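Each in structure tokens, the structures are laid out below.
Consider the two complexes below, in which subunit A is the common component and subunit B and subunit C are the respective partners.
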Partner chain A sequence: MSVEHVPRDRIDSYPTHRIAGYGVRPGRPMPFGATLVPGGVNFSVFSNGADAMSLVLYRRGAPAPMAELPFPRGFRVGGVFAMVVYGLDYEDLEYGYRAYGPERPRFGDRFDPTRVLADPYARSVSGRDVWGAVPDWEREYPYRSRLVFDDFDWDGDTPLRVPAEDLVVYEAHVRGFTRNPNSGVRSPGTYAGLAEKIPYLRELGVNCVELMPVFEFDEFENSRVLPGTGERLYNYWGYSTLGFYAPKAGYAATGRYGMQADELKTLVRQLHRAGIEVVLDVVFNHTAEGNENGPTISFRGLDNAVYYMLTPSGQYYNFSGTGNTFNCNHPVVRDFVLDCLRFWASEYHIDGFRFDLAAILDRDIHGAPLANPPLLESLAHDPVLRDCKLIAEAWDAGGLYQVGNFPNYGRWAEWNGKYRDTVRRFLKGDPALAGEMATRYTGSSDLYGGRGAVASVNFVTCHDGFTLNDLVSYDEKHNEANGEGNRDGADDNNSWNHGVEGPTDDPDIAALRLRQLKNAMAILLTSHGVPMLLAGDEVANTQNGNNNAYCHDSELSWFDWELVEKNAELLSFVRACVAFRHAHPVLRGAGHFRGTDYAGTGYQDLSWHGVRAWEPDWSPGSRFVASLRCGGHAKGGTVQDDFVYVAVNSHWEALDVELPRLPEGARWRVFADTSLPAPRDAHAPGTEPEAADQAAYRVGPRSVVVLVGPRAAAQASSDNPSD
Partner chain B sequence: MSFDATLDMAGRTATIRLAGSLDTATAPMFREVIEQASTGPLELLVLNMENLSYMSSAGLRCLLFARQKMGEDTRVMVLGANPEVSRTIRLTGFDQSITMSRHVAD
Partner chain C sequence: MEVKKRTVGEVTVVSVLGDLDGRSAPAAQDRLLGLIPSGGRVLIDMTGVPYMSSAGLRTMLLVYRRAQAVNGAIALAGVSPELRSVMSATGFLEFFTISDTVRRGIEELRA
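Let's turn to the complex of A and B:
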């Protein structure tokens, strides 16, 4: 217990006091948290309401503390308690705080000196080191703060800074992605396991993975065993944070050694080397402490009234639907969130963040929406976060729905829930949607005018709701396995089973469903904006109709890798669509279309077409939308690309469609036609066969056709390859 | 809990033989020997772990220290690490600038 790894060459690296057998000296209030300093550790924690504070030290895993060090009066600056402790075994140390203060819930104070509290800034949390290992429920101080070394060798890695409009996002659950034994990886369900699948991601062509929460959480929170089946249900998704600075240890094959930070950093570095960005799904709208009846873990016992939105009588507001609401626009909490994101961006090289229930981030301390929420403004203008993508789930559980008007400061993108709803309804043939479909397809200029198409993260499915396969296989949700009588989960899914609920042997229905999957992918991957795929949708992964699989750590929620072979046809189609998107900058504009020929090509940047070219049909009965993008206007006219014609027919009958004429010398080629059997359903860029009839095309029932018209032959000699 | 680290220099190759248990308490000794080894110009630093019974994360961090202490021209090789240690080194990315070898005969 007397290990000092750094020579002391400064006078301020010697103790001035002894407390509980340890040499100590007054610490520095900044930075908050536990920081290695020469010869010791600087512990800094703040509480505005506490009268006194102790630092509690444990040997790793020991039931009782090995020492408790009260902060002397002189170790306090304002509301900050800071102390350097010498001679600690960093590797074997767990620490926490005991805060003394009033227990007056009516006034917002919930101090509880019987509890040892986790450091809100802890870089590592122990207690749930191995996923699913049954914890000792009697253990005092279950989630313990630990130290982490910042000596990871990044080998020159930096965030990738892929322009947002060029992203193809892939939403994945770290554990679910490779936990199924048929994933074939050496460390299933871990960061390392995900890293082993990087070749698969590269082949798919995605260039950004969005990881569902990886901040430490307790998979046993609200865990229960289902009567009947005996299956244990978990907090599998992890939208309930215990440690905002700590990566989930149970997602690391090396978590048992406390090396999860290194393993996650290794994953980030490897993804970056493969050209794939990493976006984290972050949950700042609430914490794992729940409401009045929840456990006191950290924030509640340090500064309850600062960290949480409270009613005038001291109760918890519940805009998150989980019991409490993080007080994001309190100045102290604002700094906490900002510091945390800076930490992940700089220390873990994270490329961006998706904010769960982000509408809560623009509520004031009483819950009222702010026109100019300081937190969102700070994040938008922060220098450390300058190159990070900021993506809002622009609604909350308190009824605030801000898709299209989330305060954005020219920086924030949004999960476009209206895109999802419209595409789903149009796909199943709902009437009177041609106009809205056209708007959603082209980056939702009605919602994001002035912000550009990059503000729209387009998706048809995400972790929350049906998988794409289930969207075309079920009319109703089937959440019985959640043990809540099928009452949980959304009821308005805009799904359609195509004739039979669930799996079927009927070849016609199976073929139609497969076509609809291809249709959805073709629409999504040619839409203007930022496409996001749910991991597994490219191989028709199923959750058996469960649209709220938050509690299942089983085959129900895991990626089934056998589908990679079984549904190879769909996978090939999706790969082709991603490759097509990457090959065509005309599909990836940052701005919206103007509907004019500002580049002087003889064509508008975007034009609409119907069964007759140049005559779109916006009438209520129309289920056909066709668009023509002119490659001369790609990226605002700064690069040259081909013409791309996309026809979406959600009618149950085929349509003979007149094609718009290309410039002299150019001829239509068929990139994709979802009505054709594989391998003619899609082609690799550059290998598209020429259309037999250059003037007309038969667009099959419920089908999508994508044609590409190479740049005019007349220009070809002088053109440079674009992008 | 014993630990020993001995240094052999042969031309431009340094070999550090580790024995016993490498953890927070003993890691500083290892680091000292690494510093000694780094005084001369080296082509190869061999860390022989055949007789190492246990290595904690503090021990793994010494590999980073060794890598940083040596110049870019020095190859760092870990020899004879047990499978558990090898696996941890690989999963946490410590292996990227270090050669892993199962056997003493390279």
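Let's turn to the complex of A and C:
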């Protein structure tokens, strides 16, 4: 029997005490943070080292507090201070904490009651509400904790749960994607602006966007004006978190009104409707508090020795290269990270996470790598995160390089840095790489055997380094605009300018570069594993040879939307490659190839070929790799697909190549040939023209050829042998 | 914050005047729900609302949905461009039927 729902008041929704003019009562320790409860707000903060704590309340934007409420002794449970405060105007409220405790850096304690500390669990942070608006540098407590409403109407949105092997990931910077005025969106550089470009993403065919950091950070951190140009440099990328639970307000068109949470959720809801998942790039390896000379913002003043890895003398370990190292395998911090990811997965419907410098996440509290790091294990087995993609950048700035052996529990994927390096070198024609190229192309079974190709996130470029256009246009990095004398940024780029450094009018060089861009895209999008594109590479976006554009909020780093027209040829080639990938499950296996004919088709699941069919050439002089995938083995033999033959020739001369024979009745069709002028360079699925010669194909110099052998014809033929 | 009601033909026009924020929203909600008749057609005139906060947006959506449940037809009119863009960015816009002007809204509700 059902009864009508009648809301009733709670018997604990009334104050029991008065402090500083506010009605209060003992709060609930869980959940941590500030939570709306009937009539009030439950504030809960913990510190194992603090002797006492006060809640500091501000009117929004006011320089000085409107009230300071010490937590009475009876409002503590263990190290948790909890209090409900009644009669607050949530929307006009900023809050923080003042923690009292020992100031003994030698022993790790850095309590500083002169500071007001941000709530580590704050759902919103004010102070940088509008991107680039010059802050009041004198303001006490600059990054203030705020409340947000969490009753967003998701309108039925549920996780997409796209299998990882079916993803095409698109790495983008929220601001850079639409900040250029030529983006044509109503609110350039915002979550709402990105949402306006969803039709573009759909047409491109990507089904996952990986957003560079969207947790609140300060774009003015280390900001400086370059002498000479007068350009202001920012922390544009945002790999320096101020609020792990707070979306970046300056990325919201509505940040000035404090509505960034609703705006980001709206973006996620709209992307999901378009069939596009959202992965967040998260930075748990360090915080914005820096080393002993950095600002005290939150963690340092609450429980310094808990949140940071400290040397025996109380100094900060610096495995992140940014001053401090988050103490991820401390039991308290481990829970903090886990709770935070659960929050983003459940509250913002996020589909996965890419962990910046993730090798730090498997160091113990002294910095030593752990064989079985509890944090990574917890994340891998967590029920809330069960369907989330977990992707590691499997190295750190302390020299720990774990590509291929990141502790993974069968769950974690990795940015495959070796794929990037090998494809780059092979593309420019380096010798003695045919064998390694074949391994990288097919999901790096040497690195991910037992984990499957799905553990390999393949990429040729990402935000960190050259864009694809610059990879084929520059031999050397050109980071002068960063103001560090071109000393910053990586030197081992495996790039090649093809004859002239930077832009050129030489039509031969321009044509060769365009072909190399297509080659890279064709290789990436037919590789086994999960492909990731850097936003803008599909239209040859440039950073003028800058391979470390972290500090530029300018045309240098923004997506140039004029290129959509100007480089329409490349864009339509990339669209065709993405469509080809989606059309062919044989390209998207989760596991590795076995090199056998386990499905009984008469063909191995994967076979290698050279200039002669069935005779691959792995010799040091070989710059030609051709593979044949048999569609009868698609998705482990559970799905029927076509044959796909991919020939990559990084030699400077054309090769006349013998093609492997298809079953009786099936004929090779040409999906892509990067040596041919558009529109013959690639074709939409189902419209591929038949190859003139079924026995041989001329693969042009520095070119990729992709052929498809339709299964339907082969099956019809074998079903009806009298034909 | 003020709420006024008038009738144009068979359409009830409820005008809201003033900012809708955390302070004014609870009272606005009570007033609006009290003025919106059960049945009939309702137009909420937002011409006099320069700003809505998060709480204001939520209140309007609640009122709108409760009215929708007892009325065949309800719409908003007079939403300023700034407010409209805030509602669009935060996802609220798509839950409302919005007419460009009050006159237009009345005509559309009569049709």
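FYI, the second predicted complex is superposed on the first by the 705 of 723 C-alpha atoms of A that agree within 3 Å, B and C clash if a C-alpha of one lies under 4 Å from a C-alpha of the other, contacts with A are read in each partner's own complex, and residues count from 1 in each chain.
In the analysis below, contacts are C-beta pairs under 8 Å (C-beta built on N, C-alpha and C of every residue); 3 or more make two chains touch, one makes a residue touch a chain.
Fair warning: this is a prediction, and the values are worked out from it, not measured in the lab.
Overlaying the two complexes via subunit A brings subunit B and subunit C into a clash. Touch criterion not met for A:487: it reaches neither subunit B nor subunit C.
By the touch criterion defined above, A:262 reaches both subunit B and subunit C. In the superposition on chain A, no contact is made by A:73 with either subunit B or subunit C.
Once the two complexes are laid over each other on the shared chain, residue contacts for A:253 go to subunit B and to subunit C alike. When both complexes are overlaid on chain A, the residue A:153 reaches subunit B and subunit C alike. By the touch criterion stated above, A:192 is placed in contact with subunit B and with subunit C alike. The interface of subunit A with subunit B overlaps its interface with subunit C at residues 89-92, 149, 151-153, 155, 187, 190, 192, 252-254, 257-259, 262-263, 265-266, 269-270.
Contact residues of subunit A toward subunit C in the complex are 89-92, 148-149, 151-153, 155, 186-187, 190-192, 252-254, 257-259, 262-263, 265-266, 269-270. In the complex of the two chains, the subunit C residues touching subunit A come out as 21-23, 53-55, 57-58, 61, 85-86, 88-92, 95.
For subunit B in complex with subunit A, the touching residues are 23-25, 27-28, 31, 56-58, 60-61, 64-65, 67-68, 87-88, 91-94, 96-97.
Those residues of subunit A lying in contact with subunit B across their complex are 3, 5, 89-92, 149, 151-153, 155, 187, 190, 192, 252-254, 257-259, 262-263, 265-266, 269-270.
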